[in-house]
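The first chain written gets the first letter, and so on, giving A, B, C and D; residue counts start at 1 in each chain.
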């Protein structure tokens, strides 16, 4: 029997029908690259969403989104403060080193893979203003975090305030930004705070091959356009990427899909409160369990990743079936 | 009246129905990144096509394909011999400088944007083996060339022989490799010669968002996999890219589509032999004409790029309508 | 009263008379760059010193030596295992990021800034062989370490054995290699073990503007020569750097000078055993002391760096006067 | 018989006694790196020389000076307009690619390796403002040029005017700036024009291991200080480099030495006007001559480089003996 109930990754989920439909509709001759009408519409779509002027670029992956955004903020001789378990540090195959030309990731602590002003200061304050030490040029946080934790608006605001004090731009990795918004119940503007750029995730949320970088400072977007081409990320049929992003953003699908995924995660978490490694605030559920327990779950048809030796990670998606989530909840409760 | 007959770029063409169909079929839960069955099938598909062991990776763009391929061959302190008008020199926004970490493009001459052993030697021979001068690490040619010219198998073989003599790997930019094969009527193996890597174009040929890098030396592919991730080009739903590539390769669609595009180009060229800047050997037609003539063509509904002050470039695609090609041919004849 | 007894840094010490003399003797017309007789003699001098074939290059700084050496071992998409407090991580202004084109430093633990096979394994073992994670390409250790600790030959051998098992080249940062050898009383060959490259320090040991990179694998040196030029480190009057290095190496001055510096450090340490942060095995003495105590020492004419809030670092040099060392020892004893 | 009259390179010349003396005087304990009094004096020395606020850094080589200066002006995705035969293009082993992280050299034409506003426009004007093409970020000229030609103040001013119009900073490679000033008889301020940074050569002019980068915009110097460290060019005994530079600049030695070298070049050129490839305006004499003629000159004890197949390059230095220059002049006249 193969895996029938998949909680491996939201990356593995299907593409939402509305995304398919938008892509189909985009299949007509158009100006290549980002000269088409759909690509041109992205700035307006995000400006509307965030209630302020935005400049937005599509790219194929979250890694490219994060690194291109940061490359507009960080000189090669500088550094980026991020969490020790941030995606840019752990899972991008050294892409920040490539895109930032050797700039340094400066690793900060924080519960649930979330930074705090204090944990950022712990990194910043010991750095002498001295050429022997790499100087910080930016801060990057992840909303929701790598452990599915959401920054509250006040938390973001406090970090942004510190960033402003120190003259550091703020980047938000929002691969699961939609999940954070759905959980927080706040506006996207509150959930991103006064950041300078946001990697706005779509692929994990029902998209296929498109993410967006949203720049709240248009001057950065102008640099990013050159960097995107230089990184081989300016696709000639960009209209198919723009179509995906617009299908997500213009209709509110981004939030609906994330809400569904979050609900499934909550259903799973409901029965296993005592085993949870982290409060569930997005679409990821980290559950303490033994190898034998994991084996038994797999035998029952559940797919997921081990998380170290003593835990498992379950990820829900926009299309997780309620019965699968409940089955998993039940199975976890029965462990 | 808008443009109704578009010869701007094969990049602007529609996606072939078979590609759509393959993408649709790929929309089921699968291992993320390149762990899915479709991605895993690519090596076999290209090994079959070329009659020797190949390792193939999908990427989103030709720029990424070229630069990732070269990054496996060229150290940062080395150089790549290419034509002065090669795509990597002219149109990639400095991507080779990025991917090769500052390695140098060493520009050679050659009619129709094609290199010859002699024109390559003209670059190589004056380079002293001396640390003050950048040393060549690879050769890159384009099949078909940037002016739509096809290297004959004997021409490729002669370049490959020189490359071997000098210990230089050979890369082939095949953004329009299919068009070259269709024109030459030879096997793809003959059309690529004993190269080390080929950027195999799909997007200009009816694909949507996927190109392939074909490595004839699997050791290079192993490096490229790390570099692809590091460049943010490892897409999590890679199955949709693999589907496009397989739809092209496994069924012979790549050759059929290119044949259609080539035929349209020949139809256009047939009436304007005396105005042609270059023999038409693929799907591009470069026509000498004045600004006034171009204006008149545009007024009649033809879309195309100016090529400098005195010429126009017309590009056909897999779906160029015969009547449009004939209309253009007639209009050119009537200039 | 200014500082009269300087223990700030061996970098601040005078140039040894024999070095001056050798530089003077080098001041005659010679082939530029490294074509002169002195530069050509370096390979032989180090081959003699280490009893095996070496290829040696002069460079201006230890940072350049370390980074050029590593650049021959590490691909841009790889990483270097080093101690969390290694000079390359802490004090080189991000130079490894620059020279290695964004490769990653992978930080290991270890008492006294020394790595052990176990602490290296703690870094290596969790790394999945997976493109999402940076893979290790080399190991770098410092002999003597940043806390003035010397690796015993058996310790180096165990690390080298692990490196060999994992297929990782081994680099030794020997900014104070001479001090380690003088302390250990072993041959330089034993003190470096079966490493692939050594940054052989001279500037801290009575030199002026020259360090050496010693390659035990000549193929790496051939790459390093190109990289040195590319980094702007191929000096046109290189004979003056070669002269410094040869003055150190050919006569045994390197060991004599280090012995003097070590003796001064031992004299200082002798009276403060209970305050020592680290055993003294080279020419650095780290002493726990309060701000008030440091102020009192400075008031008495001693120059040194604070080491955090609770300690001071005293560094001796080849020309530290015995009476100054004894005066410091006495002052520390009297705290 | 060995070579007795050396015209190979000013790089091979001896170190001037005043430089030696200044280095000797610098050999006392001082703050390391550039914290010493001599390094601190450099800004004032150059501000005095140029009659405006300057910030100056020592570095070991002209390659490092050029590339560090440019690295403060050019983003990795940009380009530098320079002459096709500029030192940065021809002789720096790809260092600009390294220091500028893959930025592109944009090659312009011009007689005697000098750019003109027109030749710069020929490069700039065809560049579309389009992400597919690398955009210019700076202009670099060489004073005196690689063929020993001096830009007149009006020529520099015209280029600077164009640079300002296009928003491009201007860098001057002054490896032989002193020779240009000595020839022009103008102030250094006139000879550099309103440039943003100057690589001020010392090594070819009687120095040993120090060049200076002079920034006319202090903000660029602040970036350069970090980049210098990151490139391994911040020497710990920097006082010995500062001493060399100050010995050159504060006393006027830079101009006297260059005047001597120029006079020797004029003496040589005087007898061979009809064979000169370029007017002699600095300390280089390019003479058309056959291989047999070159062999005969070498047989008579003259050392020099071949310049292609049909010419020779003779370089004079501050210490070229008058009798050697006259002997060469005579030998050339007798060819």
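Here is the rule we use: a contact is a pair of C-beta atoms (placed from the backbone, for glycine too) under 8 Å apart; a residue touches a chain by one contact, two chains touch by 3 or more.
On a predicted model such as this, the values are computed, not experimentally measured, just so you know.
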Pair exhibiting more inter-chain C-beta contacts, C-D or B-C: C-D
Chain located farthest away, centre of chain D as origin (C-alpha): A
Where chain C and chain D are represented by their mean Cα positions, the distance between them in whole Å: 33
Mean-CA-position distance for chain C and chain B (Å): 50
Multi-chain contact residues (two or more partners), chain B: 76-77, 92-94, 97-98, 101, 131-132, 226, 229-230, 234
Contact footprint of chain C on chain B as seen in their complex: 75-77, 101, 131-132, 135, 223, 225-230, 234
Sites on chain B touched by chain D in the complex: 76-79, 90-94, 96-98, 100-104, 131-134
Touch list for chain C against partner chain D, complex: 6, 8-9, 11-15, 20, 24, 27-33, 59-61, 63-65, 67-68, 92-95, 97-99, 203-204, 208-209, 226, 229-237, 240-241
